[in-house]
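Note that chain A is present in both complexes that follow, paired respectively with chain B and with chain C.
Take a look at the complex of A and B:
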């Protein structure tokens, strides 16, 4: 109880009070009402500061979480196939997720080097020209990205991927954590369901769609929530990739980075607390929405 | 079996004791001589520079009967947060060395003391007069000295003289000379992949080029941000023209390649013995590179391999009357004296010793050891430092530049970190978007910075800020 009060309840309440204050850690908090929230609203409107950070975070979270779920389920399905060397493949998929984030980030800086990085080398095999990954602020999934692709198809250059895409790629590398959970859930699906589907004449795809996915849905739901929270909290990799600046062109200025800089570079603890509270509300709303929609797509096994 | 377990257990205990003893010896702090008061000094130097810092502290301690300095190396990252927490907790160090533009922010928040609170006014005034303009600007906030600059970082253009001569080119004296060098060594608008560039501007260096083109980012008298002014617009337009000529992506990729060189080698240097030039013919960098060039030349000569000749020149001026000669962006290291420190007097004595206020030869020795730029002409003129300049002639240009009245830091305003970030983001945006309207970008940056500075100022004074 004491731990709860001092380590959770008090900081929680204090940060709310500070969000209504101007506070720089040194001088006593000065009550300024809703000024910090007004500023956040203004930045949201102008797409500067908090607004830009929220947009960046949204792009990163939506794409990385979606891809993590899709890749995780597909990989787990493949890895559950009883083939020779199954344990080795499983280990290889899980291995990246145990590498410390800082070490992995440094490794990815090398891999994504535009001149000598391995990723560009691999892309060149399929005819994709060198990408500038960590040096550009552009986003692949955007109207500009579509224009680039269409120009490329018509013989132009292709400058598609930017630093957020690089971050997503790096996040995908650590998908092994999710895969382990999916594997456990897959092994729990009763074989009779597949046998029944086979008797009904279902092929592999139909079995996956009508048996595997519904049976995995509670775990997908769990990973979706955890992935969402984790993506919003992503900090260490962004800090290393952008050398603590959120650059290039503010494209790696995710909410976590914006929080860090406004707290420990600009020492605007009140504004930072307000930002953290808005983030909390957004996460709460997103989670509630997911829970509300879950009754339509999450299937729990009942004992009857 | 029992005996074996006992033996292994004993061995482990012995090793653990030895490790503990070693650790204990290592952690032993030096004894403070009786009758002296301790001065806690936080700094962020590491590597070979740390030896120089320790040596200054040792020399100061040897010269003293009253104070004893204990240097503590703190990692540079988040030093601000550590200091703020130390001040808030009532146990700050006595003196801190910094190199980020934080003087105004810390001064406004009352984290550090103005010098007039720890030293006689006459001494502070004399010190102000004694220092170079650039050092004084780095130490001042709202016409008060809040810090004491102890080393300057000056930027100039390094060039490969041998390579330029091969192409019948002279070191650049004007922006058009620089463009000519760039175009001669890596023709503009050619699609060919470049292995070497004559020169390419770095979007982070709008600070330097803005001042060279005659701009001022901030007008202290009216307290207005003046980023969207013709000289700064011209500077940014000129920088962005390189991105248009070569392709922003090509330049970004090439620059990234500089960082992939082993040990982040100075990219002006040839990569192997068969080459006589590096990735650039001309590049902007600070005085610390003189050491790299000297080591490279010495290494090649010792092995009997021909080395190219290098030179240094000031940033060239634009071909208009608005430009400033010997101009640039200066930053550097400075001492600050935290509020609530127990021994500010001792800290002040140590800071004076370091900069060579009453003993220029001591500072000359420090600057020669570290390859640092002194903050006063008195130190530069010391025979010991003159010897250093004779041995390192390229360093002389940096000294001349440090004495120029046209070297300016990031404006000393509360919110300087935001100011810096926003300018660099604006320059990046202009550099990387060929359709960008430079005027619009600068206008937007100016408005953002002004709002931020107003907020800092007005809220501090109980006012209201319109978002």
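Take a look at the complex of A and C:
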């Protein structure tokens, strides 16, 4: 237990002190006050380094977390249908989430190959031209993406999906983890609620909206927080997908990648510590905010 | 009408399962093709002629067996470390009464929310200072100090055990250590197995640990070793896929052997919170 405190309390203090220093691991830390934080603020303003990494992470986190909540709930509802072979379908959806990230990344690099990748092939079935995926920095949900889509509708070319969308796609493949949690929660919903709703003449969609969703809301909330923390920490997949560079065009420079590179390739330990602290504060603020809003939409079952 | 909706339900289920399993099937089939076949017909699920040779070739061109050995050393060490330390700490947090227990538990839970970024540099400095850089101990060592998530999991389980058993043990004159070994551990085998399983998978898959702490290629585990080949083997997709299959297969086998443990482990942590 002493070890546990040692492993967390000391780093906590040390990291805070170093965030006020210039420190390259070799020379002793030199106190420079708030200089590191000032630099972070200016990068935030100019959207370089830390600023860009934060924007990238925001894009990835917001889209991947909301998608994983939506598909997670829908998949779980689908997989809770009482059908023959239910266990098989569940296993097949869950299996990708146990695949080691490095193996999954190797696989997806190949699947997303612009020339011979399976994904582009499948997209061509629905008439979408070849996308560049990991080879370009653009992202689908952006003003540029909107322009592309409107061009395409008017008969032009379509160049929509880039590296972050590729990363999101790969993340979604591993959504099974969340599905399992939703499934467990679904099986806890008392059947009487659905029966009561049926008597009131509710159809499938109304039942989903008025029974399933409220009953799932505590778990959705939990997964939202876990998903947020996990997505902000995403590292191994971006590292493998971009071969440790965060390229193309710094588009895969998520915050964890930026932290790693500025610490272990630039050896700017003080600056990196400051960055980690700002990230921690942002994450804390986001979590608190979610907790605040949760009062309005999370229904905890009161035991009566 | 009823029949129609049943049929479309099955249709959707089939489609969904197909989407999720297709990448895995492609990985397997791709690992059994030649480069030429991959280029000409990458989507054909059943290769024209199955090339098992890819596997021996992959084993020869990448030191996968060495990586496997390293991975197994790390897994064994980390599983031992985690189960032992987390069980002890969780015991202290659930079955031993002490005044500051409440605060300590809050500290443990709180540390779960701390992103690893904040402690990354101090940990690295600490481990280098201890001379553990480029040693397996850099990765195994910390597991002997406990992991917040697993401590939490075990504590919740320990709290469900009936107090009378411990009462009886105390009357028989068992010390804390005796209570721990003779009563708690035998009763908690399923929970400890869950922790061991999760830690095993976590260490097997761990990428950032070796990336930070190991720089001798002789010591690389599979996850990190494989990554090193991604850039240099870019044109040898079939070999990379074969290596990935070898790397993934044990986890899939483990998953099928312990499916219930996996799923219960994930879902209980989700619900209990």
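Simple rule for what comes next: the second predicted complex is superposed on the first by the 303 of 304 C-alpha atoms of A that agree within 3 Å, B and C clash if a C-alpha of one lies under 4 Å from a C-alpha of the other, contacts with A are read in each partner's own complex, and residues count from 1 in each chain.
Just so it is clear, contacts are C-beta pairs under 8 Å (C-beta built on N, C-alpha and C of every residue); 3 or more make two chains touch, one makes a residue touch a chain.
This is a predicted model, so every value here is computed, not measured.
Once the two complexes are laid over each other on the shared chain, residue contacts for A:196 go to neither chain B nor chain C. Contact with both chain B and chain C is seen for A:116 once the two complexes are overlaid on the shared chain. By the touch criterion defined above, A:264 lies against chain B and chain C together after alignment on the C-alpha atoms of chain A.
In the superposition on chain A, contact is made by A:10 with chain C only, not with chain B. Contacts of A:146 after superposition: neither chain B nor chain C is touched.
Residue contacts after overlaying the shared chain place A:34 against neither chain B nor chain C. In the superposition on chain A, A:70 contacts neither chain B nor chain C. With both structures placed on the common chain, the touch criterion links A:25 to chain B and to chain C. Between chain B and chain C, C contacts the larger number of chain A residues. Of the two partner chains, neither chain B nor chain C is touched by A:289. Contacts of chain A with chain B, set against its contacts with chain C after fitting on chain A, overlap at residues 25, 110, 116, 264.
For chain C in complex with chain A, the residues that touch the partner chain are 9-10, 12-13, 16-17, 20-24, 26-27, 30, 38-39, 42-43, 85, 89, 92, 104, 107-108, 111, 113-126, 128, 142, 144-146, 201, 204-205, 207-208, 211-212, 223-224, 226-227, 230-231, 237, 240-241, 243-244, 247-248, 251-252, 255, 259, 262-263, 266-268, 270-271, 273. The part of chain A that touches chain B in the complex is made up of residues 22, 24-27, 30, 32, 35, 38-39, 41-43, 48, 110, 113-116, 130, 132, 134-137, 159, 244-245, 247-250, 261, 264-267. Listing the residues of chain A that touch chain C in their complex gives 1, 3-8, 10-12, 14-15, 18, 25, 75, 78-79, 81, 83, 88-89, 91-96, 98-103, 105-111, 116-118, 121, 173, 176-177, 180-181, 183-185, 188, 219, 222-223, 229, 232-233, 235-236, 239-240, 243, 255-256, 259-260, 263-264, 269, 272-273, 275-277, 279-280, 283-284, 287.
Within the complex formed with chain A, the chain B residues making contact are 77-78, 80-81, 84-85, 87-88, 105, 109-111, 249, 252-257, 260, 415, 417-418, 421, 424-425, 428-429, 432, 448, 455, 459, 464-465, 467.
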